[in-house]
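The two complexes that follow have subunit A in common; it is paired with subunit B in the first and with subunit C in the second.
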Partner chain A sequence: MNYLGDVAALARKDLRLELRARDTLPAMLLFVLSTLVVFHFALPSGADELAAQGLLWVALVFTALLGLTRAWSPEREDGALDGLVLAPSDRSAIWLGKSAAVFVFLVAIELVALPAFALFFSPLDAGAVLGVLLADVGICAVGTLLAAMAAASRTRELILPLLFLPLAIPLIVGGVGASVSTDPGRYLAFLGLYDAVFAILCWASFEYVVSE
Partner chain B sequence: MVAAVAAALVGLAIVLAFFVAPEDADQGISQRIFYFHVPIALTAYACFGWGAWKALLLLWKREERYDLESYVAIHQGTIFGALTLATGSIWAKASWGKWWVWDSNQLVLFLVLFLFYSAYFMLRFSIDEGPRRANVSAVYALFGVALIPVSFFAIRLAEDFIHPTTFTREGPQMTGTMFFTFCVAWLAITVLAYALYRVELLGKRLDANLRELREALT
Partner chain C sequence: MISARGLEKRYGSRRALRPLDFELERGGFLVVTGANGSGKTTLLRLVVGLAAPTGGELEVGADRAGLGYLGHEPLLYRDLTALENLDLYGRLYRVPERRERAGMLLERFGLWDVRAERVGSYSRGMVQRLALCRALLHDPELLVLDEPFTALDAEGADLLDRWLRELAGSTTLLLTTHDPGRVKPLASARLALV
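Take a look at the complex of A and B:
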């Protein structure tokens, strides 16, 4: 099997697991909708639409975190990750497959969350949607690797937000900029740059995270 | 030896900063913290960079000693980063009247880095000692050096929508003596960091050796 075939097989495995067990996606969906409702009450009356745009990003990042904490749990059970690491394929394929699966989850959630946001708060323009998509790439790339690190630690779910949030700050800056600015081009370019830099770094370093 | 040189240089820097360098016409005495704040910040960057370099060497050469060296460098970097936040905060209070200003890119960057590297310790100490921990710590340390320029750029970008009117600060027009004082202070802080790095590394190695000895004896 070639490299992309491995990646596709691994991503398919995650999607199939989720389709059968359905334990992550419904949770993420309910979480993001609840967060949006909480935000409605967190914003005092008179707060402008821009504030809601910023909060959308908080909701997205925390929803992604919720999904990421579960990302490696199927592999952790029964030492399945060791089996994957021993498989005769490039180890970075494991990361890429997992990132692709998480990306699909995230986009699926956003297909509901973004219209819900538009309904509850204010409509989103093309810049914002593009920003969300680009940020998703970065969130999945970095988040999947950090989740693998967290899975190796004793504290697991506890430590992932601590690792992830400082690295997500540039994504928030780019995403909020793309949502609120009249000229989103620069922010989208920045998000693309972030994705490229960190995807390469994750791709190159994943092997060391899962092997000894 | 290094410690003595560091102490002498720091003493010299203090004398230069407080008694030799001329008073800043605009900011008065509070400007003198510049001679410590900026070198401390630069040293913190240097420590993070050094830690990442050792991390890269660990992943590349697979020699165990690089793990401890990387950790100690990042530990020093975090201490100097916290000092940067403290001195920056004092300077902000003195010259802008507030303990914290989001206008100051450098301060915000250091806050992000401080959070990032604090998580490094959380991560490191929640994994059992061994090659796995060394690898994971090293990869995280490498993320740090990628995060520094990316965050810096991001904070610059964020100014446009968070602060439409950017705080413009004219770069201090340094006189010769001021620049000389700054250079001495920078050298002093760098040597101090190196001395601390050596001391901590020595202590940690001694610790490890002692533990091995104790295990061998029991």
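Take a look at the complex of A and C:
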């Protein structure tokens, strides 16, 4: 229970910081909405609906990347990450708490972005929405770990996309498949498997990311 | 409490800490002095486990729960209040009655009246006082302080002097300073880095 309590306290801290500073969510929201508007005008009228579904995933992944770039900013300032690393609680709780907070940010953005997509392009079915939620889990698990690795570097804004985008390709494959396939079940299962495997890997390896 | 034999730290080809031997017994007070770049901060980061030695051996007789660390940076969140910062760390350190303990420390370090203000609005000296509260929050058995008098005004420095006098003998203390005379009466040993 202590472990989950630590995770909840760390996630709550991130949500509180965002509510006060409003550094990340407004930027993510503006980015995803403006991207959808650009796609709306860039896609020729009468274009295939399938193409639009693909563009939704491009918008979501790059919006997530924007949020991940700033995910560890509060910890970089004033060395707060050292403070968390020194605490006797399990270090994986730091990763899990941060991932949970990023997940909440992503879902909050998607509560606006998905209706906007339905307005500009076409409505999403349950398979697509479930695909988005499952992909969010993978994005948060992998992205938070990679963002922590990149945060130690001076070129973090360059490194994170280079590390994250190749690992996000299976999520895009699964997400687009769940959105456009007549049988989304196997794509959703694929996303679930990705989430499980990468969540365990990231949970187990975070300790080594924050240790010298 | 701490035993170092041939302890050394390099970053690539750059030597951050020359090979070093020292012992610090439980309840002792070791003052580390040295010029800028001599490796004082590096030594402290090695002791608390934020850095790994590249040579020699280091044994520290306290786990993370028993370590208190004040570094060059305050290790605090600017957009949280003093109380919120201490509450978070108190929870992670499993401090019993953490709110009462945080309140007592804030009171003693003269921050009680600004406890609900964001740390980002504090002066440098107030941030240093709060960082001291954070380091002392869990009543550590080994307290590692990196130039703790930095940015403190006369009143803050006196407060810290009083704390160090109270802790000396019961808590093991490792402290770096450019003003060793200030803690000379309390120190049980001195280590000069070159």
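Observations
One rule holds for everything that comes next: the second predicted complex is superposed on the first by the 211 of 212 C-alpha atoms of A that agree within 3 Å, B and C clash if a C-alpha of one lies under 4 Å from a C-alpha of the other, contacts with A are read in each partner's own complex, and residues count from 1 in each chain.
We take it that a contact is a pair of C-beta atoms (placed from the backbone, for glycine too) under 8 Å apart; a residue touches a chain by one contact, two chains touch by 3 or more.
All figures in this text were calculated on a predicted structure; none of them were measured in a lab.
By the touch criterion defined above, A:I159 lies against subunit B but remains apart from subunit C after alignment on the C-alpha atoms of chain A. Subunit A is touched at more residues by one of its partners, and among subunit B and subunit C that partner is B. In the superposition on chain A, A:E212 contacts both subunit B and subunit C. By the touch criterion defined above, A:S34 reaches neither subunit B nor subunit C. Once the two complexes are overlaid on the shared chain, A:Y194 sits against subunit B while remaining clear of subunit C. Shared interface residues of subunit A (contacting subunit B in one complex, subunit C in the other): 211-212.
By the touch rule above, subunit B contacts subunit A in their complex via residues 59, 112-113, 115-116, 118-119, 122-123, 126-128, 130-132, 135-136, 138-140, 142-143, 146-147, 150-151, 153-155, 157-158, 160-161. Across the complex, subunit C is touched by residues 2, 5-6, 9-10, 13, 16-17, 20-21, 74, 77-80, 82-89, 211-212 of subunit A.
Those residues of subunit C that touch subunit A in the shared complex are 48-52, 63-65, 67, 69, 71-80, 84, 88-89, 91-94, 118, 134.
Put simply, subunit A touches subunit B in their complex at residues 145, 149-150, 152-155, 159, 162-163, 165-167, 169-170, 173-174, 176-177, 180-181, 186-187, 190, 193-194, 197-198, 201, 205, 208-209, 211-212.
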